[in-house]
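Take a look at these structures.
You will see two complexes here that share subunit A, one where it goes with subunit B and one where it goes with subunit C.
Our next item is the complex of A and B:
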């Protein structure tokens, strides 16, 4: 596939190769046969992997200066933004990167669902992807509280208060998550522990499983209409597909750079620039854009019904590969599933817009 | 006691995560006065809704006493509920001073406060700040302080000069606020500068509300100097923000070139 076996390097590189097998592994990966259309499609998964690496790298750098305590968190973020050399760059890349990563995760999820790429033999790829989606949302939520600004404090109050809709145990659940009756220092410490410890571990573990299962099942082909029996053209992963990944990653970096340098306040209203004050509720307290749909639904429906709907939607999301087992992947060949997905997407966007305007 | 009650009410509303849009929906004061047959009694409600007081969830009872939670109007405005009605002109500074403590203290200790004790009718808080009713706006000194309105004022020999000095301080403050807004829009947080600006403002307002023309010049000069000192530092952050944008442009150009090169290389060849 690649013109024969690669010659084993000599010297210390050979020593390293005999122990790690990295070059052989890369040779196998670059030669792996993948569908030709992968060199023309948008590689959301690959870009998400890059985004995750960027989040981990910038997060580790932020840890060098961030003071993980409500008494010093806001001041330390201010110092990062104004005094630490290039601290502003690291912090803004992390903060905007989180928003872009959540947006990409939504797109990747719906793209995969519309393409029916969750069908056999990729059920585990889908399930691990759904878990990853929830972990990314959890990571964004717990990271949002850490600057301990007015909006992070009050948005966390609103988001955690929504747990009170859970029947019977709602109030206890809110107190358990907050570590007390109100959002405060215990909530902050829980969020910090989850954001820098628990969730990154879970995400990295889930990504490893996700990638291992992607490799085992192979990259999915573009969905074809029923009756289209043309054989799929397969090409080596390198160079065309790797070039496609690199192009998409540079595109992502371009968007992120634009946001960091030219729209630094896009995701962060003025309330983000004020220290948290539990005695001063700012007007229009709302969660971040990716939770607006969940914030708005209980305002339109009875709370218990809204919660039940959200739970059912989540359960259906996980169950999709076991519900849609027809083997036909093209959206037009499985109209009911496509219609349900379109409805879910419209509801998600519509509720978010309503929540934004509320 | 009323100050404590107002503070506790504010704290309770805040910690309960009250929704700003409907936080006053259960107020007996608001519902009764909105439905008031006597139009004059309904006038304060829309004015108050537009005010800085409503913005900060300070309701009628913070100044007028009473208990807006009691459904019966008579009960909510009874002496038992702590109802105080409208203040007389000699009580005005005490009413406003429930929250605006420092300014009221300056007023009482200052020129007008002293001669008020002798029974002289003097301007009070509402003279300047309730020109538009319960909207409680910033004073308009250019309309209020004239030779005609202050004919007997020994300290106001040149009202135009006094007004110009006051407006100059306001202009410095507005320019600083606009500069801070501009820098924050570019991603540099300056809430400590806002706090510094508020401190200068408070100190100047305290001096101003003594209405002692002898002290006013010094207070004005100090406020202008402090505002300009802050503005210089903010200008430093403005230059820093502009430098960041130049770096951003260079990075975007490099990324655009990389993207074009990769795109071109990855194109399928015939």
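Our next item is the complex of A and C:
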């Protein structure tokens, strides 16, 4: 038996336990019955939680040296990379970690969607996950601005300018986001406030809700074909599932370490090594890989249509649990939804590849 | 079930109190929104110089020079038949266009918009011509002014 009753600790631990109930809570959590296949599947959510913790820890360390002002930001990042002991390591773990986190968030989202795990009673888990996905993208975008390099500046100019195609309020929206008519110091300060204050708070709050709702609904089972009535085998969370989580986290740490040491320039194009110049746009301005699809779409369609398509896709994403309510979760038992998801994924990948090659 | 002294009707005391408390909360939130919204609104910055001057001999035939007018880049072109000045900010998504002497065109490095020497759109995604500035030639100098 792995869960079991928690024995009351003695001494000062007993004193603490009577007031916090931590040991009893942990005993309940590790004994919680979960589907057996969880010990064999990839725990994207658990790895994302670890990735978030790593981002917060490295972000706090970066704050010790980063100068949050357009006049000093670029030089402070350069000094951090060059002069601060292990500054390069902290920054690369943060920057590469952000890219990996976005990649994992994409995978987690599509994996959940294909598995139909958004269906009742997990609608709120899905909605909070969608909000988290957008917050992670927002965090990555605002973080990209902060080094105030040529690429930061011009990618921000292009991304914010694309909001001008929103009907009626476009121009005001751009000015409000930028804090002025053009990208400048007010834009930088807004991005900084969002990146180190607003977004982390929103992410931590949303994660708390997401986990609370996951716990309430229980971890989802693997989708089964219609007619498969075999009862799922349930096992305690600890030790098999915890071991699975630990293995996945070690795997993530391995990939991150590999990228930091063997591909340190992977996410840094040459324009990232030049300070921002508002009077000279470098050739080949492109956003990070996870926004390449959004960069490529307006090159193929009129801006207003591209923006409308993105809005519609986002609305559909949120509405998924309320559209697909059939109760059948296996991808082959809901072919229209699976086909739509496959099409969305193909479009996302295809547009990104086109954007990369453009 | 009695809900207070004057329960039963649609205007019982508890319901009215709930409306008052809820309404007050909304009113306070709305009032707080005014300073917060104003605080977040972009500031009106002091206008920068809307005029720039360069030497007439600084720009060769069919060459261009970038100057800063009102804090934004402007390209001045010598056409041989006089000078033209345009905002170098692309009307598509705000990147800074460059002058291609060989083609006698302005070219945007971001999405490939092209403009002729009069600032008119020749190709690419730009929705409008480049904004023109007033150019005056005085002996030895060219003065560019934001209209």
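Basically, the second predicted complex is superposed on the first by the 354 of 358 C-alpha atoms of A that agree within 3 Å, B and C clash if a C-alpha of one lies under 4 Å from a C-alpha of the other, contacts with A are read in each partner's own complex, and residues count from 1 in each chain.
The rule is short, and it goes like this: a residue touches a chain if its C-beta (ideal position, glycine included) is under 8 Å from a C-beta of that chain, and two chains touch if they have at least 3 such contacts.
Note that the structure is predicted; figures quoted are calculated from it, not measured.
Trainee: Give one word, clash or fit, describing how subunit B and subunit C relate on subunit A after superposing.
Mentor: On the shared subunit A, the partners clash.
Trainee: For A:162 in the superposed arrangement: first (subunit B), second (subunit C), both or neither?
Mentor: So A:162 only meets subunit C here.
Trainee: Quick check for you: in the superposed arrangement, does A:253 touch first (subunit B), second (subunit C), both or neither?
Mentor: Touch status of A:253: first partner only.
Trainee: In the three-chain superposition, say which chain, subunit B or subunit C, touches more residues of subunit A.
Mentor: Touching more residues of subunit A than the other partner does is B.
Trainee: State whether A:82 touches subunit B only (first), subunit C only (second), both chains, or neither.
Mentor: Only subunit B; A:82 stays clear of subunit C.
Trainee: Just checking: does A:240 make contact with subunit B only, subunit C only, both, or neither of them? Give me first, second, both or neither.
Mentor: A:240 contacts subunit B only, not subunit C.
Trainee: With both complexes superposed on chain A, which partner does A:280 reach: first (subunit B), second (subunit C), both or neither?
Mentor: In the superposed model, A:280 contacts both subunit B and subunit C.
Trainee: Kindly classify A:264 by the partners it touches after superposition: subunit B alone (first), subunit C alone (second), both, or neither?
Mentor: In the superposition, A:264 touches subunit B alone.
Trainee: Once chain A of both complexes is superposed, is A:298 in touch with subunit B (first), subunit C (second), both, or neither?
Mentor: second
Trainee: Please work out whether A:180 is in contact with subunit B alone, subunit C alone, both, or neither, and reply first, second, both or neither.
Mentor: A:180: touches subunit C, not subunit B.
Trainee: Please indicate which partner A:39 is in contact with in the superposed arrangement: first for subunit B, second for subunit C, both, or neither.
Mentor: In the superposition, A:39 touches subunit B alone.
Trainee: Superposing on chain A puts subunit C and subunit B in one frame; which of 2-10, 74-82 or 128-136 is the clashing stretch?
Mentor: With chain A aligned, subunit C clashes with subunit B through residues 74-82.
Trainee: Determine where on subunit A the residues touched by subunit B overlap those touched by subunit C, and list them.
Mentor: Shared contact residues on subunit A: 154, 157-158, 161, 182, 278-281, 283-285.
Trainee: Which bits of subunit A are touching subunit B when the two form their complex?
Mentor: Contacts found on subunit A: 39-40, 77-78, 81-82, 88, 92, 154, 157-158, 161, 182, 240, 243-244, 246-247, 250-251, 253-254, 257-258, 260-262, 264-265, 270, 272-275, 278-281, 283-285.
Trainee: Under the stated contact criterion, what part of subunit A meets subunit C in this complex?
Mentor: Checking each residue of subunit A against subunit C gives 154, 157-158, 161-162, 175-176, 178-183, 186, 278-285, 298-299, 303.
Trainee: Flag every residue of subunit B that touches subunit A in the complex, lowest number first.
Mentor: Counting only subunit B, the residues touching subunit A are 10-11, 13-15, 17-18, 20, 55, 57, 184-192, 237, 244-245, 247-249, 251-252, 255-256, 258-259, 262-263, 265-266, 268.
Trainee: Which of the residues in subunit C end up touching subunit A in this complex?
Mentor: 40-43, 45, 66, 68, 71-73, 88, 92-98, 108-111, 125
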